[in-house]
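Each in structure tokens, the structures are laid out below.
One chain, chain A, links the two complexes that follow: it is found with chain B in the first and with chain C in the second.
So, the complex of A and B:
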């Protein structure tokens, strides 16, 4: 057991516009390791497998329990969270790459701020700001709560966008996560106030129409959010509004 | 982009955020989706399940001729074809290729059913389009004009499907178009929010699969009928045509062929 090792092949890139290259590492195996702990081991002793001294791997991570959304990366070619990627369940050598559709900051760290811009574009919030106390909001039925809760678990990791064949620079597709947030906030009794604006935003270029229903989003989502159902539900809301406006405006 | 580059370097590439309120791609894409069902899909339904099915059975040739005659004598048939078939198919196909061009298939990394279907939808669309262009060219624009000579219909189709390579091309075109339409109904329902739940979508998918098999089954049965009946030779055709025409309407004029 003592000399059992974990082999990792990591795609590295020193600067945002620099050239990428691969480095191979070997770290001692311990039970219950995950990808993040392997990266921590490399940071403690940043030497490649063939004995060359190098720099520690740069990556985003925070909570280490799959609720912050930071450590998303490509692990053996698939978009997923590094903290919940257990070494025991991965084929070796483990290939780690940064997300391919987001600008690389350095190594495995990518700039995923586009999702924040998208969430702002659809006003993914409940409007309660004002100059006086609005009092308690309307009650939500238990049924609505049950539908909304899974949607509220989104951690903005962007796995759904990375895995989507329609999410790329040509389409500028908004991605499943944002569409699902539209559904969440349109379900909310107070959040509903912005429904019209949200749906109108999703009709812009890069909006919900770009979805090709390949359904990778729902497969990769680490939080098991019913993303395809959200796309269908919001797709229906958008169509209803578009056709309604055509007849009534 | 006049930001100072003192702290973080400006990242210039990456996917653009949502352009709320901009562009007309929503209308174009939804129109693509709609034309796939009506009129293009509806026409495929009519073509295979209503028209082609008449060619099946003992009275195949005459029933088929009657059906072609009925269609050819619809009022304003040229405009029906133009606005009901050709323009919608051209739009659906060309915009479809544009959609394909902009997508990035990734079945290698994510080899899941839905993702394969996404890729298959593009390939079946392309195959069906190539087939339809050829089929329209040979059946509508070359050889004997079936609008003027509906009685020659059975023989004209037969003249193609007796050649095994062409018969196989018919089968490939039929299967591709049928799948594209059947799965297209499912995609349409999912994207337009008509069927959204997991269970409901699975149920609809099963129904679409049955519909696909129905289209293929009837299509193949009619192809078999064209292939298996005794060859209607040219003389026989001519005789049938002449017996149904006023003098002067020469059936021997083969426009544009060869």
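So, the complex of A and C:
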């Protein structure tokens, strides 16, 4: 029997404005391979399945433990992290594509800096006075900590945005990850101080109202963050604030 | 007077801590990082962060934390800065708490603390199983705040190539490359802070992230910075071997009764569960009847190495042994170990409740790094360093949960000292020609790599480097092998000249970037190998069977390597350790 191989079909694009095209690769199979290790094999020996020399695949990666958020891509059509995508659990040929809703940098690497701009816009931080010694932070019940921790595990991978039907150029939707961070900081005893500004940033075009409740976000989130719950909770806060503002006018 | 301009290279905990301090002091700060800073390697730390807050009524104190750290480091660390760090640690926890880190809580709503290796006290604050991620995010958020106020400018997807030094060898800025456009550019600064983390890639596969190549440290070493204690490499006994990297398997698996074994017959490739008890070798239990599978980390690591490399009994002939939990009740496993078992399931695809885990010691951390003084300043004026990339706080062996505190503390010392240095800095007397010269040098370097028509494949050369260093330069060290290792490294540097890039395009070309890193890895590997060769004793993570004892008389010294450009190799000096506070005593747990 011939040695087992892994077949990958990879969508390539050499420059941000270049034309995309597909290349097929075959790499030797080993147990416990993930998509990243197949990409590493291609980098060591960049030859297509039909023997044509090509260039290594450009992709984002860093921790390879599903905690840095770098290696997000479409794998067999699904938005997910390449490090935790095990070859044994994927149908072959394995199709790798860059995210479709973010500018392609090259091959599978995309520019997802929009998430960091969004986090800036909603002031996703606790406004401390300074780093000098001011004693302990606010007390927090174990219950509150347990509610905050899952939200704080968001790795900014942008899978939820890629999968969302409303996240596109027309709506300018901010996306589930950012809304969930608003929920996180609005519950923090000190972070709460910026609640008004955060909610104001989520009003209007591209804000929370764009959500169409497709629930794709929660389905693709690699960290199982309760994104739809965050959206409904923050949605309620936004509504309340908008109403209050209207009555005060 | 214009605000001092500081460049910070690296956006992990140490770099971000430095940035926050600089911004707070009114400095102007440019932050360079290969990846968006929120994706830095600090996110990988799981266990926690040490600080003697003494919230459990145990009588813990910062002095005890200091003593544990010095003792754990086998008396190779300079004691005054370690003492300062331990005294600052409780305040650092308070600060992180104020920044919103979701630390686990006690029923009263106070911070919870747990036990970690190398101490008898509950001294480790933690946020679930992702403490590093939570800490990094807290600092990242504060930096984003300063960024939105225009006090910090980020250069993400940029890689540091070299420092710009003037004619007096004073640092005047950096030379860096845009990893997308491949543009090489220089950036002036009054001082720079290097916070570029670990060097795992020199060992091929490690628990480190992809960016942890040590390339920046090596480039600076080649420009004249001292590199200290390079031979001290921490290897964690139980990591999960992967095709792409090693991932950590927590010591708690053995704490709950996990047993380590290999098949007695070399090459036995039967399903582990079908191998009868009589044909399994529980070597830790046999060799260490008193402690069994719970011998200290370094002992367990050495034993596994011996079984794999001397007895050739690795599973399937590969460097792996079994860590078996299958004899333990599923319900107990789920209750006590669920979090870590999920990691194994997710990345290996097997359920460790049904199948023995395959584990092997993995390169995890470098205690050594850039030489710095007590102000985090290197020997080149204007260059500071903080975090794993420097050598100051862990001696010959790092205690668990001390890395996060040393990163934040070191960054917090480096930032203000860089600002103070910058305020007193005189303008360069010999003009700005060195900027153009450095840029030209680095551009030529790229051009040379791009047009080289050789036969050597950089990825394959790197894999060879990793195998060589892992075999001879980690756990068990013999002078003969180390001598040969250095010879092979020289050969590899020779072969590097014949490198052939598979990608010569001029946009987001990862191949040329990697080739550059590889050269720096090879140069730094020689520092590690030669340092290990010279140190004829056993201390902390450095173990030589031919010299099994610690030798304080001759070797209670910091190894300082410097690059001799004409000879193209490292030279060494040795500096006495400052043990002015705690007299050395034998390390016996």
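Here, the second predicted complex is superposed on the first by the 238 of 249 C-alpha atoms of A that agree within 3 Å, B and C clash if a C-alpha of one lies under 4 Å from a C-alpha of the other, contacts with A are read in each partner's own complex, and residues count from 1 in each chain.
The rule is simple: contacts are C-beta pairs under 8 Å (C-beta built on N, C-alpha and C of every residue); 3 or more make two chains touch, one makes a residue touch a chain.
On a predicted model such as this, the values are computed, not experimentally measured, just so you know.
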Query = Is A:235 contacted by the first partner chain B, the second partner chain C, both or neither?
reply = first
Task = Based on the superposed arrangement, let me know which partner A:27 touches: chain B (first), chain C (second), both, or neither?
result = neither
Inquiry  = Just to be sure I read the superposition right, which of the two partners does A:64 touch: chain B = first, chain C = second, or both, or neither?
reply    = second
Request  = Look at A:194 in the shared chain and tell me whether it touches chain B only, chain C only, both, or neither; answer first, second, both or neither.
outcome  = neither
Message = Once chain A of both complexes is superposed, is A:15 in touch with chain B (first), chain C (second), both, or neither?
response = both
Request  = Name the contact category of A:37: first (chain B only), second (chain C only), both, or neither.
outcome  = second
Inquiry  = According to the stated criteria, A:122 is in contact with first (chain B), second (chain C), both, or neither; which is it?
reply    = first
Request  = For chain A, give the residues common to its interface with chain B and its interface with chain C.
outcome  = 15, 105
Task = Give every residue of chain A touching chain C within the complex, in rising order.
result = 14-15, 30, 32-34, 36-37, 40, 43-46, 53, 55-56, 58, 60-70, 83-84, 86, 88-89, 105-107, 109, 113, 116, 119-120, 123-128, 130-131, 133-142, 144-145, 148-149, 152-153, 155-156, 185, 188, 190-191
Task = Spell out the part of chain B that touches chain A in their complex, as residue ranges.
result = 9, 11-23, 25-26, 29-30, 99, 101-106, 108-110, 112-115, 117-118, 187, 190-198, 201
Task = Mind listing the chain C positions that touch chain A in their complex?
result = 20-21, 24, 35-36, 38-41, 43-44, 91, 94-95, 97-100, 102-111, 127-128, 130, 133-134, 137-138, 141-142, 144-145, 147-148, 156, 180, 209-211, 242-245, 247, 343, 346-349, 412, 457, 459-460, 463, 502-503, 505, 507-511
Remark   = Touching chain B in the complex, chain A uses residues 15-17, 77-78, 101-103, 105, 111, 114, 117-118, 121-122, 161, 163, 165-174, 178, 200-216, 219-220, 226, 228-229, 231-240, 242
